[in-house]
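Reviewing the structure listed below.
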């Protein structure tokens, strides 16, 4: 397998490649079918709507008080002995993390799963500084061994099947080729345990940061998150500024929504709440804990009442699990850290609409994402909003706004507008379409490559109704 | 989620908004919808100046153009009668997005008022007309694809199947992944043709796998997409708008 | 301006104006009203569904149950604390057993390799458990440090049946967590697991492969 690079600019080509790859198609279909059915099972005995309402409400409340909560979080973390850093963007965050590592002469970093660190391209930054960053979440580890990026925010290696994983482990770590998942898991366990012991610094993400107590919550099944935050002498947590919640009691409902929405589990194996470094009387745990709060476009999203909803996200991945587009093309096709529907409404803010121009349209607006979102983000509406921004009919609040505005397209929609607001002309044209059917092209570009062209009817509904009503004895025609 | 709607008693008159796809490509489906309503003793008023709900422009990001088109439709329904739309997609546009489009404008009240009167055809037949049907057709197995707009935007996953269940000779079979999008999505099918094609291919396979030789849908966009795919592959499976199917089997 | 001040300034001077914060109604995550028997049944059903093992024992002779678990699993080196009654009673009961008792209340720097390589099980107390999700809650202490429930391949947790509560929310509220969190608080619901290889479940990927919960009952267990 070779190193592949993906970019949102190449969405169409990448989609074409993925659609033509039966292995990718089968892996995603199987995985998404499984995840959808597990989610629906685990929510079956819950008052899901009420819980989603509460989840949305908690996130909205946190966002409404965001600047105050961030300050409160900072103050409480500091009181607990956690050092807090702020970064405007990924580069700044990388620099902060690197400098902490360098201050400890660190050469080896072990990482728990963190999408924000992916967003920052932290591993590459650390490598350049001569610091090796090793992923410890099994999926992330496999993806890193394979020199890839995650294809899903919760299950990073979901694009790979057992045989492919066996081959990767064999190639890169010398294990036997085997389809035995327990064998492969045990091999990874022993490889990574050595690395946990040797690591100078552990880097993790954060699922919820609790302002009132200065607590960092991590959700996981494997235990690598606990290892990462417990074994090395230094722990650095990186997170987006929107991850803060106000109270500790806000956490249980969000946790319940997160695990159920993400993987259809009623709970994960571990819920790890960190409120400070090792105390003088303690015998283990990191001597230092750092929290890096990353903006990277989030405060810009925050300015706009409609776009704000994007920041409610708790990163469960349910929107991609249920997205018929994601299911067909897979995560890499999007070429962004966050793929699928949430990526399509988030990445334009981080990378600009020029780079991500094909993402807001890469949806049939079927609404499955919005329907399953545990915090009720109106994802389809936000996709439409970004389409508006792309063609220059939004508020101009997104980088690259107006990038897709073309005179040709504008003229076409103005033409549509004119016709649809001039009923007489409209009726004339629909009548004409039927009469001229034979002259119309039978190939309508991409449509007819896969489908027969629709045929305009000989008589429009307007004409049919007129005929129908004049035939009726008591039918009075209205116009 | 659409909040639970309170349905009115069966009215004497309704407006019928035919939608542009039906006007142009499937006028019989529109007429069959009108006939079903008339058979229930309802007078159907078809405003002759109706064109399109504006959704194609709206979902493409051309909000100003969509608003202009929508404004022209708002004026067509002066009387307080229900507005019946034989499409979840256009119905969803009018019910959900008209209020958004005109929020803060001087047409806000009118948009909200009109939106509150919009009913999708199968919804209206089930919940307002409490339609009873006498099936005159031969025994048949049929599949149904409920559009995503009807299912999710309007919360109407059940009304189409409920009507089919009233046809004594018809067996409704559910295809695998019935709630999954067929890949139409308006301009999506044109902007992302390959992805859309993969979706409709899966949808046609799922329908074919049920053994049904006929499928119905309540949205002509899906119909055009799914039936167009079957036809392109020269498959025997045919599709029809649910209004036509109901009328054909009961008249 | 520092990044901190710049970010906070942007958030405070929000273009679309200040936001109003809604109130929250938490009733959906509380007020289950389960009886002790229902609680226990739920706890057991959930934790065993994710490969946790539950063994019921009378309070009075729980150490015999522990000894049996150790013997059944062939554990020869058990890590444990010293001061907590669970550790103290276990130490007393196992003094003459074949099992080597390894002190966990030591600075990790002195025995990291030993902990990773030769500890076969860790014994911990628990503060309580959650019926709704089948979760134990632990607040590691100097006596029973964080890694005791993480590094050894088997984690044996001792739970008193009467400390079971309905929901996570109930635990957070009833015990006033917000008033004083320890450096590390944990919910543990089963042994370590992964589904990263083609959604096939495998246990013990980084943490324990096995989780045994000794549920102690104040009255005799039939």
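Going by the order they are written in, the chains are A, B and C; count residues from 1 in each one.
Throughout what follows, a contact is a pair of C-beta atoms (placed from the backbone, for glycine too) under 8 Å apart; a residue touches a chain by one contact, two chains touch by 3 or more.
Bear in mind that the values here come from a model prediction, so they are computed numbers and not experimental data.
Engineer: Using the contact definition stated above, find the chains touching both chain A and chain B.
Structural biologist: The shared contacts of chain A and chain B amount to nothing, since no chain touches both.
Engineer: Compared with chain B, which chain's mean CA position is the farthest off?
Structural biologist: C
Engineer: Using Cα averages as centroids, what's the distance between chain A and chain C in whole Å?
Structural biologist: Spacing between the chain centres: roughly 31 Å.
Engineer: List the centre-to-centre spacing of chain B and chain C in whole Å, with centres computed as mean CA coordinates.
Structural biologist: Roughly 53 Å separates the two chain centres.
Engineer: Write out the stretch or stretches of chain C touching chain A in their complex.
Structural biologist: 2-4, 6-8, 10-12, 14-16, 18-26, 28-29, 46, 50, 104-108, 112-113, 116, 132-135, 142, 145-147, 150, 167-169, 172-173, 177-178, 181-200, 202, 204-208
Engineer: Quick one: which bits of chain A touch chain B in the complex? Just the residue numbers, please.
Structural biologist: Chain A reaches chain B through residues 12, 15-16, 19, 25, 33, 49, 324-325, 328-329, 358, 361-368, 370-371, 381, 384, 387-391, 393-394, 410, 413-414, 416-417, 419-421, 423, 426-427, 430, 433-434, 445-457, 459-466, 468-469, 478-479.
Engineer: Note which residues of chain A are touching chain C in the complex, please.
Structural biologist: Residue list for chain A touching chain C: 27, 30-31, 34, 47, 50-51, 54, 57-58, 60-61, 63-67, 70-71, 74, 80, 86-88, 92, 136-139, 142, 155-158, 160-162, 165, 181-182, 184-186, 188-189, 192-193, 197, 212-215, 221-224, 226-227, 230-231, 241, 247-253, 255-256, 263, 266-279, 281-285, 293, 295, 299-300, 302-305, 308, 397.
Engineer: Looking at the complex, which residues from chain B come into contact with chain A?
Structural biologist: 1, 18, 20, 22-28, 30-31, 34, 45-52, 54, 56-65, 68-69, 71-72, 100, 148-149, 151-153, 177, 179-181, 183-201, 224-225, 227-229, 231-232
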